[in-house]
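As written, the chain order gives the labels A, B, C, D and E, with residue 1 at the start of each chain.
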Amino acid sequence: MSRYIVSNPKKVGSAPGTLVHIGNKFKEKSEITLIQYNNETEETLHTHNIDKCFSNFNDEKVRWLNIEGLQDISIIEKIGKQFKLHPLLLEDILNTGQRAKIDDYDNYIFIVLKVLTYNKDLKKIKSEQVSFVFIDNCIISFQERDIGVFDNVKNRIKVSNGNIRKLSADYLLYTLIDAIVDSYFVMLENFGNKIDFVEDQLINKPEKGILKSIHNLKREMLFLRNCIWPLREVVSILIRGDNSHFTENTIVYLRDVYDHIIQIIDTIEVYRDMLSGMLDTYLSSISNKTNDVMKVLTIISTIFIPITFLAGVYGMNFKYIPELELPYGYGFFWVIVVIITLLMVRYFKKKMWI
Amino acid sequence: MSRYIVSNPKKVGSAPGTLVHIGNKFKEKSEITLIQYNNETEETLHTHNIDKCFSNFNDEKVRWLNIEGLQDISIIEKIGKQFKLHPLLLEDILNTGQRAKIDDYDNYIFIVLKVLTYNKDLKKIKSEQVSFVFIDNCIISFQERDIGVFDNVKNRIKVSNGNIRKLSADYLLYTLIDAIVDSYFVMLENFGNKIDFVEDQLINKPEKGILKSIHNLKREMLFLRNCIWPLREVVSILIRGDNSHFTENTIVYLRDVYDHIIQIIDTIEVYRDMLSGMLDTYLSSISNKTNDVMKVLTIISTIFIPITFLAGVYGMNFKYIPELELPYGYGFFWVIVVIITLLMVRYFKKKMWI
Amino acid sequence: MSRYIVSNPKKVGSAPGTLVHIGNKFKEKSEITLIQYNNETEETLHTHNIDKCFSNFNDEKVRWLNIEGLQDISIIEKIGKQFKLHPLLLEDILNTGQRAKIDDYDNYIFIVLKVLTYNKDLKKIKSEQVSFVFIDNCIISFQERDIGVFDNVKNRIKVSNGNIRKLSADYLLYTLIDAIVDSYFVMLENFGNKIDFVEDQLINKPEKGILKSIHNLKREMLFLRNCIWPLREVVSILIRGDNSHFTENTIVYLRDVYDHIIQIIDTIEVYRDMLSGMLDTYLSSISNKTNDVMKVLTIISTIFIPITFLAGVYGMNFKYIPELELPYGYGFFWVIVVIITLLMVRYFKKKMWI
Amino acid sequence: MSRYIVSNPKKVGSAPGTLVHIGNKFKEKSEITLIQYNNETEETLHTHNIDKCFSNFNDEKVRWLNIEGLQDISIIEKIGKQFKLHPLLLEDILNTGQRAKIDDYDNYIFIVLKVLTYNKDLKKIKSEQVSFVFIDNCIISFQERDIGVFDNVKNRIKVSNGNIRKLSADYLLYTLIDAIVDSYFVMLENFGNKIDFVEDQLINKPEKGILKSIHNLKREMLFLRNCIWPLREVVSILIRGDNSHFTENTIVYLRDVYDHIIQIIDTIEVYRDMLSGMLDTYLSSISNKTNDVMKVLTIISTIFIPITFLAGVYGMNFKYIPELELPYGYGFFWVIVVIITLLMVRYFKKKMWI
Amino acid sequence: MSRYIVSNPKKVGSAPGTLVHIGNKFKEKSEITLIQYNNETEETLHTHNIDKCFSNFNDEKVRWLNIEGLQDISIIEKIGKQFKLHPLLLEDILNTGQRAKIDDYDNYIFIVLKVLTYNKDLKKIKSEQVSFVFIDNCIISFQERDIGVFDNVKNRIKVSNGNIRKLSADYLLYTLIDAIVDSYFVMLENFGNKIDFVEDQLINKPEKGILKSIHNLKREMLFLRNCIWPLREVVSILIRGDNSHFTENTIVYLRDVYDHIIQIIDTIEVYRDMLSGMLDTYLSSISNKTNDVMKVLTIISTIFIPITFLAGVYGMNFKYIPELELPYGYGFFWVIVVIITLLMVRYFKKKMWI
């Protein structure tokens, strides 16, 4: 249940802007990485001390400040003070139960996204929150822990692959969002494999537990849709360009991200439809099984009930039953039994029951 | 039914603006609390006499006039006269069957909200109406009875926790709305637990009564949705800032409330989906039970009907039945019976019926 | 069927504006009431002669001309001529198969509403059409027959209850619309009682006829929704105030009516949902009954089939069956029968079939 | 299938504007009627020669050129040349698989409608295309064949019934559209009768074939909806009056047509709902029948299986069975049989199975 | 699954604008065709060398550069350089997992469409991507392989059929889009035949496998809808004429294409409805079969169980059973058996079970 509602009872009614980290603690200390680059040079600083970052700031380069781990509230507070961020924004960074959203605070924008991974063991989609603040020529990203989704981007900056080093911070932000959206495809593919697996099971060996599996998958799908629908809105707001944070050039790239999100949403709809189809199949498979059981009962009963009656007749104690006196009476009896049986079998064959 | 329609037959066709309290009477006397504060000082007045409040009014402070209990219509009337409120507004305060709504009367706004609590005994969501009038630098709140949802806010004002004492009445109004929305999370969590409980029951011991439970939960969910959907609109109207009552600063906070409401609506949709899934599970569990019953019948019948026939055969009175004369005939009979039984059992095992 | 389509085959393709009364004739003669009032005085004129009304017109008062009974087309025609109304408007008054609608003819507006009553005997919602023309300071209302829905308003004018006598015709029109919407609550309550009754029946004694009852209720609900949805639009058009016919003051009251309509629509949705739930319950009750029947059959068969086989065995005529010779053979037989029966009963108890 | 897609494979990829008649050929020659009228005079010309019409044109009168039969492409081409119509428009006239639509070509408008008739024998709704070109003071209508839907209008022009002769061509166009919409009511009534008929059958004698009937009706309903929904848009475009072709006066009348279309759409929704209800009823009737069959089997089995066992007991060959020796043993046996039977019958009565 | 998500894991997180061909490779070398024409002349150049095309460019003619086969990335790169196209555009051409879309890059527009064909053997709808760049007076089209859908257009240019040679490149682009949309009709017809085939099968010989067939068809339908819905948007954007690339004249033709797309979408909805109906039919056919099996069992049991009891009675060994002594006792027994059987048969006939 906890994925669906994240409410910290302690927080109810407390003053807004109170900084409490709501979510999992993964590490003892937050990892801070500061990457500063321009077309010529690139420098990376790993530290646990946020003040060291501030003193190293080079305003003439594109700066990417990446925080991994949210348990150390003092870091968040210091960043808030340094960049004069709104207290609610800081609260949203820490409360990891947010939907994807974009808040435009005139001179900076704040974006919340979800990194989604499909955990095959728990059969659950896990969601981790990544927040971005885009202020001046600087991107600050906050992750609950290192999930590797940005490794590729870090690498590209280092080796100056593509245009990334030539362009400004808005392009970097696009690149980070793109990396997250790309990771959805991998997750969807894993999820699709799980659906295929359950479908195979359904066709080959439908068991009672499968209904639960299908409903679980449906619920994950709903969770996914709830995660991704707001993302669509976020990116569409960025594209509309009401804000002056993004250059024309980057908006073209964001349109590409938007197309990908629509593709993902289409895929989710297809999956939902497949799961509904699987439910139908399961329910009709129960009916079919009842039908099969009934047929066996009916075939056995229909063959044996008449001949049992016949045996009963010749077990009667009437004084005079002519057949009983016949020399081959017993033989005749078996002949009749065989004939009745054959007729019945033929009838069932015609009805395609056997 | 009474929760769904609140119509006082006496009222039908009567003049609008007639003040009649429609709803439950909880206490004999209405409790009146007047809290006035600014950044430096805070004073609280508890009384049953509304006139005393008026005479204590300090226009230079933020004033919060809180009325608990609506049965004393004269209080409402006096407030209406003092602040020159529209008669329909007063009527709406008293008629507790309103939807959440916001009415903008040029120089004051009127907001109706619902406090929702899940009553575990009655298995019903109870809704209590809270109305706000925001006029000048004063918030007037009307509750049916003290439900404790504002205790935290009162406390924060007292100890000057957060910004509340530094800001004006619109921020106070936000704080009160926020407290109500926060209380929904608690209620949803209780409700979620109930759903989990019924789901466990469904899987472990599905009884006929469970269908009624599921439908009850679905109906509560619908009730909830009908309560919360209009709230979303209310807050979105406040955010849009068409009215000049709210400062830019407070609107940022209201956007946060809006995000919470969307989260709640998402949760409700997930719950509805879960309940639909539980209905499917219940219906398929009936089919499965029929199937099981059928299997037992078929297994017993299919084993015994053939051997009963055999016993019938050797109970016949034909003159000459060779088997009857055999010394070990009876023994052979049992051997055949055992063989038939084993074959049948093997067949059922292959079909996975046992 | 006739409620759903009202098409007079004679009319097909005939010239528009041809006045033919389509609907039920309730009385021989139309009742005409002219009520004229201002803050000081009020006078009422009952007549069958429309010309008498025209000659009594007092332009300085608010005039309410109420026509009960539409069969006398000449009255409609005379009113049309007197007020220079559009022929299509007159046609719409007479053709009682209209949806609720508002037509704005620059210097007058035309409103069609439905008065809905639940006829408990026919188990049908009956709809009667009421049309209003609002021109200058005059309201003309047309009813198929006197349905008492305006009695209260007439009374209020007489005793000068509320503001009605102080305000102009637009407030009168609001009052009349309000009276109609109020009557829906009564009707919904009756309908809700019927739903409760059928639900009780469903739980206590589900019979085949109940499916028809549920579908009837669903159809009535659909009919209701089709009646009330357009009403919502009508009132929302009035509120939007694109027309200059309504004062700011009256629009505040109309907003109240709008809230009521939304409440009614919410209630209808809840009812529809309840009826869908009842359908599910009915269908699963059939499955449950089949299940119960199966259980009885299976219990009886499973107990008696094995012991019948045993009786058959000892009815065989084999030369040598040792048990038959035992002195207490017959007693042992009964002991075995009792043991088998007890084992079976225990098995069924474990399976919770008995 | 052919009603749903009309694609001429020959046309695929061919140049647009190529005139090929796609649809049924009903007659050898196209019937051309030219009706010209003003308030004073009216003249009608029947011919097969379109040039004769052109030479008779009287620009000062309202002209209605009606073409029945589309197989003679040269007529269409000549009209196209005479009025300088767009080639795509001519193509649309001939390709009778169009949806209802309106195309506004600056100085003329083109409207495509469908005349729908319910063929009781084929149990299908047949659709025939009628196209209108409204240019200057002239209406040109194209029909696949004479379907009599305009007879009434022709008559009204002749006898100068209503305003038609006093008004210009836009009113004539309205009249023609109105005639088509009126014809839908007749068709819906026929369709409604068919639904009633199937519903009676369903209640009195539900056979397997009835499922097909219901699905057929549903499909016809969907076809109908697809036909009528675009019509609604067409008329709403006309009403919005973005085009200068219609006078204020005619738009009032078109609003009336619009109301009728909404009524028709409401009726279609009611029908769809009824058909869904009938599906439920059918499916539950199958379950009920299975239930009935089960009950008969269970009653018979439950009565006879125990007493058959008893008979088996007294057919056993144990040396000493005391009951067999009793003088009234056989009588006692029957007494017990009767008692068991009565108990069982009582049990079934209590369970309301008989 | 691969049709639903096209994600190249290698690409995840890589720099945008990296050109990698994602999709099937059909041929070794890309075929390049350059067609240049005006009203007087037309010249066609087939080559594998894109530079040869560039050197042959005649800016005063309409140019259509058609690339078949996307595996040779250098061609795409050269075109991109020659026309100064955006790198993302080139990426989209190569990544054949796009939805239909239109991207407007100020001085050129980029359109992606899908050619859909129904593969009867695989029972799958295959989709191939066609991209268009419309720049200056030049159309560049990119296909995965030659699918013949443009043959007709090439031919029309050659023989100067219709207006195509007289008009500029926007009309050529319309013609190409039209050719693709026309090809959908053929595909839908094939698909419709498949649905008819499965429906026949369902009615005549419903087997378990048919459920899978129906769900497959439903999934194809969903795939189709996902393909065609975005196309609708593409064409509606073109019609709206926000871009200056299209002349008024061509927009009239595009409106025609839009109508066709709406027709296709309507057809898809009808198909989806038919498939849902077929699911209902299948499920009720299982219930009907169970019913039939039950009837056979019940008939046989109900006839034989009572007479078997009777035979059991006269097999009892009571000392004194008067019937056994009767001379015609055995005959009477058979008479009673026949009477019971006849009564039962009559009862079943009345119940319409046989």
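Please note the rule applied: contacts are C-beta pairs under 8 Å (C-beta built on N, C-alpha and C of every residue); 3 or more make two chains touch, one makes a residue touch a chain.
Here the structure is a predicted model, which is why all the values come from computation and not from measurement.
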{"item": "Excluding chain C, groups that stay connected where the other chains sit", "value": "one piece"}
{"item": "Relative orientation of copies chain C and chain E, as a Cα rotation angle in degrees, nearest 5", "value": "145"}
{"item": "Centroid distance [mean C-alpha coordinates] between chain C and chain A, Å", "value": "43"}
{"item": "Chain A-chain E separation of Cα centroids, rounded to whole Å", "value": "27"}
{"item": "Sites on chain A at which at least two other chains make contact", "value": "283, 287, 290, 294, 297, 301, 305, 308, 312, 315-317, 321"}
{"item": "Chain contact topology (line, ring, star, complete or other)", "value": "ring"}
{"item": "Complex contacts: residues of chain A adjacent to chain E", "value": "149, 151-153, 156, 161-164, 175, 178-179, 182-183, 185-186, 188-189, 192, 196, 203, 252-253, 255-256, 259, 262-263, 266-267, 269-270, 273-274, 277, 280-281, 283-284, 287-288, 290-291, 294-295, 297-298, 301-302, 305-306, 308-309, 312-313, 315-322, 353"}
{"item": "Residue ranges of chain A touching chain B (in the complex, touch as defined)", "value": "1, 4-5, 7, 9, 11-18, 86, 88, 91-92, 97-99, 101, 103, 105, 208, 211-212, 215, 218-219, 222-223, 226, 230, 279, 282-283, 286-287, 289-290, 293-294, 296-297, 300-301, 304-305, 307-308, 311-312, 314-317, 321, 323-327, 329-330, 333"}
